[in-house]
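Below: a set of structures, written as structure tokens.
Both complexes shown next keep chain A, but they swap its partner, so chain B is in the first and chain C is in the second.
What follows is the complex of A and B.
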């Protein structure tokens, strides 16, 4: 009977660990599958194609050129290697302006013919419409639009996932924004966190530590939207005043909020590492005549350096993945940051802000999953790094 | 709800396109939309043999706001568009002080983001330097504490911390201040109707609800939640 219960409990443990592992693997698989399916998709929405007049010499138009054409920054075909005609825009949103509803017939059966004659009579036209309206004897010319590729995704500098008719998916500003904010955050948080943990592990009295510890742990329990609100009301105007900036929503504001949020992680992990220093080593140092500060600097910190590094990296991990607080204070403009006093847009903020309205299975939705993959790879690297560092500590 | 205790209504979020697609799939009875049906959507309903009814239930208007310290009190359609596409970068270009313009917008997922892009910017894309805020409250907060800021919010989101601009859609001949009245009589240009779409074969099911919205109490609710009621 006792054996049976033992076996049963062991079985339950096995099942729960298997389920956990499988769940993690499934999430990773799902993320990668949705993200990778982005590539080799056309940047035109849905089933759309791009057509021009048959005499037009232009053979391919990139997504970026399409955006500039529809933003009226490119107005003549000569600017992208065509004739001198000025460009005339036509998309399926303009059906109403170009055609009368009566002309199209009650079931819109005349629409393909209408599109055909419009394109044939307008030399400068650029037409984007669904391929189901291509008429049988189409007199226009279909123009190739290069698909989204890994290199254009990673190196693109423009993030306009809802631009019409061609989306712009360049994640370079988002990746750099994320790394930039996290790096500054850790530069702020590490000295403060380290100082606090040294104080708590080596200097503070037991009563003081019993007071400090719960307060710091409380920091970890505050919801991130509260930090975000605090940042928007207090830190943003403060930065604006101190640096005399036109706008306070900057990378620095995000970094300060993230630094506060990363503090509990850094303090807890590095304090644990510091307290693991064997008592004998500290006493030996003191016995040799070293004072308390010398002991901390020459014995305690070198002994626990790998634990402190792990704390720093875990803090970076916390900062990279943080969403809501950053969304509220960094301004979220997708530009490549050059200073810490510029607005930035991070990957988690982008996913949080946009996923709710991205149509299921569309190119925007897939692009957000691809962003999730990038974030996953970043945190995976960080976790492996922590693993490596804590292993090298054990081997010593 | 008190008058019809047996009726139950479930609301699912999403943009206008999401609702219209759901109506096409038959997974919803009423699609709420902030824009009229596009021609290709009408065609989709046509090919499925569905007869769709359209009811305008309210109007929505956007106010363009600036910091109260800003001297500029009115802008034309073209100036607002140029500010958001990044052509105009300094307030002195539109008659204000020599300060950099900080443009705030809603996130891409917001209906007002698309509305503003279509009605004010002629479908041009926002400049990359425009700041995106997650909520209307955040825009008001930022505009109130940033001297060079400009933003847009729903008309009824009245607040003392920011200044609403008069806008002109006729190259500066007439400027109109945003208000419920000017949106109702059509003189305020940045306004749009809000629609309900439903399948006529289900009209007995949804009609009581639509009638309620159009009734006096329904329209009072429209005003209470920040939209512009229909004119009688």
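What follows is the complex of A and C.
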């Protein structure tokens, strides 16, 4: 009996220890399930289809071309390999301008016939309308719109997930925005964090350290919304003032906030690394006549460089995944960043800002899960990298 | 040679954030602020429902994560030997710790809210937050168990105690202060997380308190986010935002102080024994 209870409890312990692994697997499963199904979706909204005149030679139109056509950037069919006609737009919103309400009937029962004759009589037309209005003997031609593909998703330069009539799902601006903000953040945080950790590991007295440690722990514990709020109130107006910008919500503001947030991580990890330098090495250097600064620069830092780089990578990882603070201060414009004084939008901020409005199970919803997959992969690479560094350090 | 820049910087950085928010927020905090409902589109009144909501989420997530985390750490540290299984579990735990909080939000939404049909509820939010802090609980508990001197374990085993008795009577009591410290730190983490609760539990405004675990709640961090970015009258609710930020910082501050007090008190007690 006692043995049975012992075994039961041990089994309980075993099950508990697999929860983290299970969670990671479940996260992967759910992200992929929603994310991958994005790639069988048509970028056209809802049940819409795209039709042209039967003489038109165009066979497929990509989502990007549709957007350019409806933005009036492409106005002639010959630009995309079609017939020699100007493009005339027709969407479901134009029903009223083309037809009288009386003609259509009370339940739109005459609409299919009307659409058919309109397409047949207008050589340059591009018509987007719902599947259910396809006429029985359709004289126009249905044009194929390629599904969202992995390559168009990864290399697309436009992110307009609610655009009409075709959504634009290109993650390039978001990925670049995320990396951009994080890299600048680490460039700001690393020198400061390293200086602080050197001070704490090598210079500060024990009393000073005991004073600093809790402050840094506290800094690590402050919620990210509070940092975001602080950035919104202090850093954003400051940047607007200093650089004379119309708005202060820029990549730089995000980077500064992220830098402050990444500091505790960087300080703690690199201080640990610096502290691991064998005392004998330091004393040998001092005995050879090197002063304290020379010892730090030539002995302590080279010895702990792998730990310091782990700190930097860990800091980047934190910065890439950070959501709320970035959402509040970067301005969230989905454009590919060229300077640090532009608004940018990061992957986590996009998910946080848009998931609430994306209809459950729709293409926008799936696209946000696909973004989640990208984020997951990015942070997984970083985690494994850090793990690799710290394991090879242990083995040394 | 001294490096004063580091010191200077450190003073500026940590104290300016804390100092600034304390300075602006201290005037807002009053008994009404923490005990009343928000009024007039979040520009007046208090944050009582958000405080209650945050406490619900803390309770729920810790109830879930703490037992599982501690048992998991016991298994890893006391039952497994160094080897593939152990390092695999540890790798997975650190991977889980590195997953961004917004991904937990996505996951919680698709599993708890949609798949299991909990809807936007305290249950869904607590489970999501619980999974988020699970690695922290595991790691701190593991460190705490590792710090227990092996002689204690061997002495106990030599006296004829079983492994389970050793864990229960010897290892856990000695490790308790550090385990509790980890618990308190994870409470701090839960109380401040926003991204995981955005789509699993948080409500913009609710006129009543939750009555079951399937209700939505307001929560402090989400409240701060909405009143500082997306309210209808951001300028009028700024004072509320300062107050909310200060309350959040105070929670973290109090938890940190409690953690170090617990650590000091219990380790002193253990030394006397």
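One rule holds for everything that comes next: the second predicted complex is superposed on the first by the 338 of 396 C-alpha atoms of A that agree within 3 Å, B and C clash if a C-alpha of one lies under 4 Å from a C-alpha of the other, contacts with A are read in each partner's own complex, and residues count from 1 in each chain.
Everything below uses one rule, namely that contacts are C-beta pairs under 8 Å (C-beta built on N, C-alpha and C of every residue); 3 or more make two chains touch, one makes a residue touch a chain.
Remember, predicted model here, so these are calculated numbers, not experimental data.
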{"item": "Dominant contact partner of chain A by residue count, chain C or chain B", "value": "C"}
{"item": "First, second, both or neither for A:158, with chain B first and chain C second", "value": "first"}
{"item": "Touched partner set for A:114, first chain B, second chain C, both or neither", "value": "neither"}
{"item": "Touching partner for A:356 - first (chain B), second (chain C), both, neither", "value": "both"}
{"item": "Which of chain B and chain C A:334 touches, first, second, both or neither", "value": "first"}
{"item": "Touched partner set for A:366, first chain B, second chain C, both or neither", "value": "neither"}
{"item": "Partner chain in contact with A:282 - chain B first, chain C second, else both or neither", "value": "neither"}
{"item": "Touching partner for A:387 - first (chain B), second (chain C), both, neither", "value": "second"}
{"item": "Which superposed partner A:216 touches (first chain B, second chain C, both, neither)", "value": "second"}
{"item": "Which of chain B and chain C A:232 touches, first, second, both or neither", "value": "both"}
{"item": "Footprint overlap on chain A, comparing chain B with chain C", "value": "232, 327-328, 356"}
{"item": "Residues of chain A touching chain C in the complex", "value": "6, 9-10, 12-14, 16-21, 23-24, 26-27, 30-31, 33-34, 192, 195-196, 198-199, 203-204, 212, 214-219, 221-230, 232, 234, 260, 263, 291-293, 317, 320-324, 327-328, 348, 351-352, 355-356, 360, 368-369, 372, 375-376, 379-380, 382-384, 386-387"}
{"item": "List of chain A residues in touch with chain B within their complex", "value": "67, 70-72, 92-93, 95-96, 101, 104, 106-108, 111, 130, 158-164, 173, 232-233, 236-237, 240, 246-249, 327-328, 331-335, 343, 345, 353-354, 356-359"}
{"item": "Touching residues (chain side chain B, partner chain A) in the complex", "value": "13-15, 17-18, 21, 38-40, 42-43, 46-47, 85, 99-100, 102, 107-110, 114, 123-126, 128-134, 138, 141-142, 145-149"}
{"item": "Chain A contact footprint on chain C (complex, rising order)", "value": "1-3, 5-7, 9-10, 13-14, 17-18, 20-21, 67-69, 71-72, 74-76, 79-80, 88-89, 91-96, 98-107, 109-111, 114-115, 131, 134-135, 138, 162-164, 185, 188-189, 191-195, 198-199, 221-222, 224-225, 228-229, 241, 245, 248-249, 252-253, 255-256, 260"}
